[in-house]
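Should a chain be cited, it is by its letter among A, B, C and D, assigned in written order, with residues numbered from 1 in that chain.
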Amino acid sequence: MTITEAETSVFDTLESQVRSYCRGWPRVFEYAHGCRLQDEDGHVYLDFFAGAGALNYGHNPPVLKRALLDYLERDGVTHGLDMSTTAKRAFLETFRDLVLRPRGLDHKVMFPGPTGTNAVEAALKLARKVKRRETVVSFTNAFHGMSLGALAVTGNAFKRAGAGVPLVHGVPMPFDNYLDGRVEDFLWFERLLEDRGSGLSRPAAVIVETVQGEGGVNVARAEWLRALAGLCRRWDMLLIVDDIQMGCGRTGGFFSFEEAGIVPDVITLSKSISGYGLPMALTLFRPGLDVWEPGEHNGTFRGNNPAFVTATAALDAYWADSGTEKQTLARGEQVEAALDEIAREHRRSGAGYRGRGLAWGLTFADAGRAARVCARAFELGLLVETSGPGNEVVKLLPPLTAAPDELEEGLRTLARAVDETA
Amino acid sequence: MTITEAETSVFDTLESQVRSYCRGWPRVFEYAHGCRLQDEDGHVYLDFFAGAGALNYGHNPPVLKRALLDYLERDGVTHGLDMSTTAKRAFLETFRDLVLRPRGLDHKVMFPGPTGTNAVEAALKLARKVKRRETVVSFTNAFHGMSLGALAVTGNAFKRAGAGVPLVHGVPMPFDNYLDGRVEDFLWFERLLEDRGSGLSRPAAVIVETVQGEGGVNVARAEWLRALAGLCRRWDMLLIVDDIQMGCGRTGGFFSFEEAGIVPDVITLSKSISGYGLPMALTLFRPGLDVWEPGEHNGTFRGNNPAFVTATAALDAYWADSGTEKQTLARGEQVEAALDEIAREHRRSGAGYRGRGLAWGLTFADAGRAARVCARAFELGLLVETSGPGNEVVKLLPPLTAAPDELEEGLRTLARAVDETA
Amino acid sequence: MTITEAETSVFDTLESQVRSYCRGWPRVFEYAHGCRLQDEDGHVYLDFFAGAGALNYGHNPPVLKRALLDYLERDGVTHGLDMSTTAKRAFLETFRDLVLRPRGLDHKVMFPGPTGTNAVEAALKLARKVKRRETVVSFTNAFHGMSLGALAVTGNAFKRAGAGVPLVHGVPMPFDNYLDGRVEDFLWFERLLEDRGSGLSRPAAVIVETVQGEGGVNVARAEWLRALAGLCRRWDMLLIVDDIQMGCGRTGGFFSFEEAGIVPDVITLSKSISGYGLPMALTLFRPGLDVWEPGEHNGTFRGNNPAFVTATAALDAYWADSGTEKQTLARGEQVEAALDEIAREHRRSGAGYRGRGLAWGLTFADAGRAARVCARAFELGLLVETSGPGNEVVKLLPPLTAAPDELEEGLRTLARAVDETA
Amino acid sequence: MTITEAETSVFDTLESQVRSYCRGWPRVFEYAHGCRLQDEDGHVYLDFFAGAGALNYGHNPPVLKRALLDYLERDGVTHGLDMSTTAKRAFLETFRDLVLRPRGLDHKVMFPGPTGTNAVEAALKLARKVKRRETVVSFTNAFHGMSLGALAVTGNAFKRAGAGVPLVHGVPMPFDNYLDGRVEDFLWFERLLEDRGSGLSRPAAVIVETVQGEGGVNVARAEWLRALAGLCRRWDMLLIVDDIQMGCGRTGGFFSFEEAGIVPDVITLSKSISGYGLPMALTLFRPGLDVWEPGEHNGTFRGNNPAFVTATAALDAYWADSGTEKQTLARGEQVEAALDEIAREHRRSGAGYRGRGLAWGLTFADAGRAARVCARAFELGLLVETSGPGNEVVKLLPPLTAAPDELEEGLRTLARAVDETA
């Protein structure tokens, strides 16, 4: 270990203090495959964080890797701005045929720049442009990104403080079950809308995550989402589902909102859309909302063609049929059963769990416990991270492609970490 | 051509109206190498736009390609969040040894997310956090990005209108020579600063491009930049140089501000930093400004390790000595001579030119001429684009690696396009 | 009547469309005394609107009139900027001796300019300056004024739209009983405060009316106000009570919050503080909050000395003992009894009533009914106006000095107007 | 003096630190008449500050006093909200007949609340509502008021800091001669407007004072004002002249812009409009701009009828013919001659002067000198104050009604104060 620490020095001396994950996992990683990361000293870690949801198919999945290497080797266009390329066409056709059409969606596809926050910025800009209103409603503990527009609809006070300017035009409403079921859903929100004296400027849109990952793995019920969709329709607000972390199959279906049977006006996708961890993002919207002028929103890396190649390969490999969805739900049950057992054994620590598909959170009454569990898990070879406003939740985002025995191994390690931090 | 048009249909039917470059260059591109792009019908185009400055070393440069393929083949970490990896370490060490140290810079390196606008957002957030002031001064015809914070310091009215909310906290000042030399440099800016009754809220920072690419290839003189740096120092404002388009050797030196002998407090880099057109961005700042809390700014794709690999290879290949800088300046003279000839021949059309290194603009009195020149050039097999607030400038950003005869070929095509649009 | 209409023409031709009360009461008024207004044709009206609360002691009360005439006749200073004058001193001493000290208040007195909105602007500026935070929480259906700062904490959408810019830094919370008792008081507000991920920027202050006059005569319970005061204390937010309409005895005690036993950090007064309908306003705050620099907030008419003279006379005449308070409560019972009878008789119209002291509202299920009642009352010689976000409430603000038989007369007219609009 | 100081104690103990003029003139004033103020100890002061321009006809002018006393004695309506009253009608008719019509103005009259900042807020709201744009251009060293909207177009950094929130939507441009004639008028402003890439959001309006009183008695030339009016017309921006301090005859004509021959779209008046120092304000605008909805902007003290009475009397007494204008210009020459002599005698102190009509400023190279002059003048029985961003200008605003010998007396005192502070 001493050797590694010596070798990390350039990170300490040159990289900004803003770095974070490297502090909890103080190793220098070198190789990655499937569910595993290997550091330069040969230690192997089971990765149940999966790039914060960017690696739903694990690290370097072979089929995608092959497609990527082939494309690079034959000098396919790498950087394509927003030019038409064969790689982009293949992606668009495949996305249309395997994702949009089977789900009855006729949304237009925008390449807003290759990160989630770009996709959110584009969604917010478009909603405001269409509705000619400034206000956007977000939810308690929402996370939508770090650029100024996205940050203004993000809940976390620590992140918000980084803006250096007051964050305006965003209004938070209570997420599902935020007030412990003591208040009827949308009672407050709808009352504000119907009362011309409420002080709420009429919103252009509502932006929501179906499961709040960064916010603590808070799961919205399908009926809550349906009621929200109805509210948006009745009050002429666009419904934006930010599916950056929970889309691409994380909760079972390709989109996390499918289970609720709703059709958002605007959808943001990023993280796992390229399937290989390459930067890529999409903003989807109903055709009638496509009021952009050519080039009104742009960006240098909108056309990251290697990502289009792996994205196409990922759709072909995992979304040509319902296999991935079924498998994810089955694996989710495996995780749930294990968490249920941990929670029962640690009932005195106020342990609980929540989640959907393969996004799970393990909660404790003691706020510091989650961090200790993650730290111990790391020592035991498992990568998991905390989330929630007080970092009080251990968040599990294993690759959807994890085999049952890999899940089993990780969950056993987690149980041990919980035991040993009691 | 009919075939191609039929095949582009998915772009028309599915992709958002926001797409732009594909409209001026209506082909489906497939392969790329060096200065050339090839469409799926086998037509080859000389690319003097180079990914809007993201491809300074041309398309798919072989040395970088080899490094990238090797890394991917051996399952190096692809997606690394902000974990320490061997690829990141190699990049940091190389960047330190070949870029920072030789130039006497001790700046810290932040990975703010892999796009230019992320780098700018991080720079603005940091400046405001450090100085506890909101206002940031930018310049007429500045371009800094499309997310809300960056857009507020961008000049273009068309882009600004896309925000859907009033853009605040940014104040424009005249760029060098904006008022045709009729006003002493910084007369207005300094008067506003020194007058406690001027109405200018004290700025946290000034953000500037040394050459405004999108704004029309407007070149700031070295003495203007030095005066600006002095002004920032005297008035306790941070100087942010946005070197996203003009850095990485575009004007000769690695950083575009080297020629002026100034040291910015904050520097943004993106576009050509990965060298291969892969998304990557950096925000650099003086060590004393590194007041970030861990994770206060984050992003999923901060750790695009394939980009670190090609970035390292690019530094090794092009910046181990002063060869690239010298070659760029020589090539620049070649371009300048050609433009001078064009301008002299089209004096009656009010033709003029300006630029530095290998960033050049060809201007006309008639605003529509530039667009016609670009359209004709495309028909003749040359990719160039317009820039400037009225799209009145033909912008040339050939790869720095273009051979003299490739430059010659492109410049001849350009001259012909100018002739044929007279 | 024809004559009058002809003579109003300058109002139609020259005065802006923004005029409002003159539309509901289309007469040209000439004389006023006590509860009565007389138009130029000799018609006399009973005034139960009392200058929207600015005439708590009726029109031109003789004792105040005498003091005012004396002062003007002997050439006392009329316009005093914020210079020390004998009239100002007399007011300050009397206000201290009759208002502040007997109530155990040690608040500092600021003359912020002679209108309510000035007083609110000063309160908001001070709160933000003290706490170095921007956000101020207001309540649904709040009314605090028409200048930009006050408007941003006002609920009415119609008024807000007049701003022409997005109104920011204000966040609405539910006023007492806003959600019909279905939600625990402050459940939502406190949850937002305690959750670091809620998205609520920490407020500098809370601004509240104990009874919302413009908002529809919504009465906050004493225990709700006490809970609010506790919340402010616990979360380090200043409590601003806007007592512009409900202060100066309107609800019984001099300050409307006395009944609840709370001590606001900041208090705004205007309307009836001069007692004679002359423009005057005060912003009061705890001594520790007096962080203003000399002249940091100013205004030409801060020193409206004739108003100081009548204000002093009013305090001497009405607030030297508890007589006014007791009388107001007694008169309030008289009004309440009459409204109760009206409501019982018009139960089928969904009639209801609410109020405190001598501020009362008569409500109907049918939103248009209130306007019809006011119109008919005017024809019958009674001035009353609607309030509430949909103008659905008939608002009664009779002079506190109305004699029982005057009240009786007005209430009988009101009852008749209700009957005749059924 | 000791006695007085003891007696000022309630000001020290109870009044907020924000008080200002009373600090420079530490007496308790009791009586006022014409150009004179008398303190409670019988000392008489010559007042060349005249309520910061609110007392153009001096203190308590007898004709107005008589009209006011009559009105009050016969129980005319005192507080009239925005009801039609005979007093309001008389004012409107007189204002139309003596002010608007003779000057060819057909502006509508709005009563926005009785203070200058209310009038400015109303003007800004209307301009933004009409043009559907947020930005308003103001000028360096402008002063328009202390409420949030007006403060955002005010230059003084000290006042601005009091807002406690960032001031947005205002953009400062250089006032006439701001850059010492080294820059062509409006070069920068017009360039920003015509360049779609300048970063200036298209303004709804420009707000300007023809002579900046608070800003240091900066006088705009007539040709500069005309050029500004032309610029506004060409670029579809409303021209708002804030004539609160310089209107009502201060510079000669009733409106200060008459000399330049321009017709503003919007005009604000306050200060001396009531003629007696009573709070009153007007916002005037071209009929086509009267897009207000009834009650969209309101305020309790819009109908300060005693002020209407004195305002009418003032118009009758001073503006029935051109006598006041001629007299003011003559008196102005008297002041100018005296200042010229002072300046010549103190050339070595860098003394200078500027002004128009009866608004004058005496400037010194040494910033502290003006304050010392004012302090010494006060000891010698003359009230004058400093203005300008660094309080570097002695500002003279004697009553327009000052007799030649009164002016002579004051100017002699001033000269002595200058001498004795050398």
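Operating definition for what follows: a residue touches a chain if its C-beta (ideal position, glycine included) is under 8 Å from a C-beta of that chain, and two chains touch if they have at least 3 such contacts.
This is a predicted model, so every value here is computed, not measured.
Visitor: Across the interfaces B-D and B-C, which one involves more C-beta pairs in contact?
Guide: Most contacts of the two pairs: B-D.
Visitor: Which option, A-C, A-D or C-D, should count as the same interface as A-B once over half of the contact pairs match?
Guide: C-D
Visitor: Rounded to a whole Å, what is the gap between the Cα centroids of chain B and chain D?
Guide: 50
Visitor: Take the average of all CA coordinates in chain C, do the same for chain D, and state the distance between these two points in whole angstrom.
Guide: One centre to the other, that is 30 Å.
Visitor: What is the distance in Å between the mean C-alpha positions of chain B and chain C?
Guide: Using C-alpha averages as centres, the distance is 58 Å.
Visitor: Would you give the residues of chain A that are in contact with at least 2 other chains, written as numbers and ranges?
Guide: Correct list: 134, 158, 165-166, 168-169.
Visitor: Where on chain B does chain A make contact in their complex?
Guide: 7-8, 10-11, 14-23, 25-33, 37, 40, 51-55, 59-60, 65, 68-69, 72-86, 88-89, 92-93, 96, 108-111, 113-118, 121-122, 124-129, 132, 134, 145-150, 152, 158-159, 161-166, 168-169, 204, 244, 270-271, 276-279, 283, 285, 290-301, 304, 306
Visitor: Mind listing the chain A positions that touch chain D in their complex?
Guide: Against chain D, the touching part of chain A is residues 165-166.
Visitor: Which positions of chain D touch chain B when the two form their complex?
Guide: Going through chain D, the ones touching chain B are 134-135, 138-142, 153-158, 160, 166-172, 174, 178-179, 182-184, 187-188, 191-192, 195-202, 215-216, 388-390.
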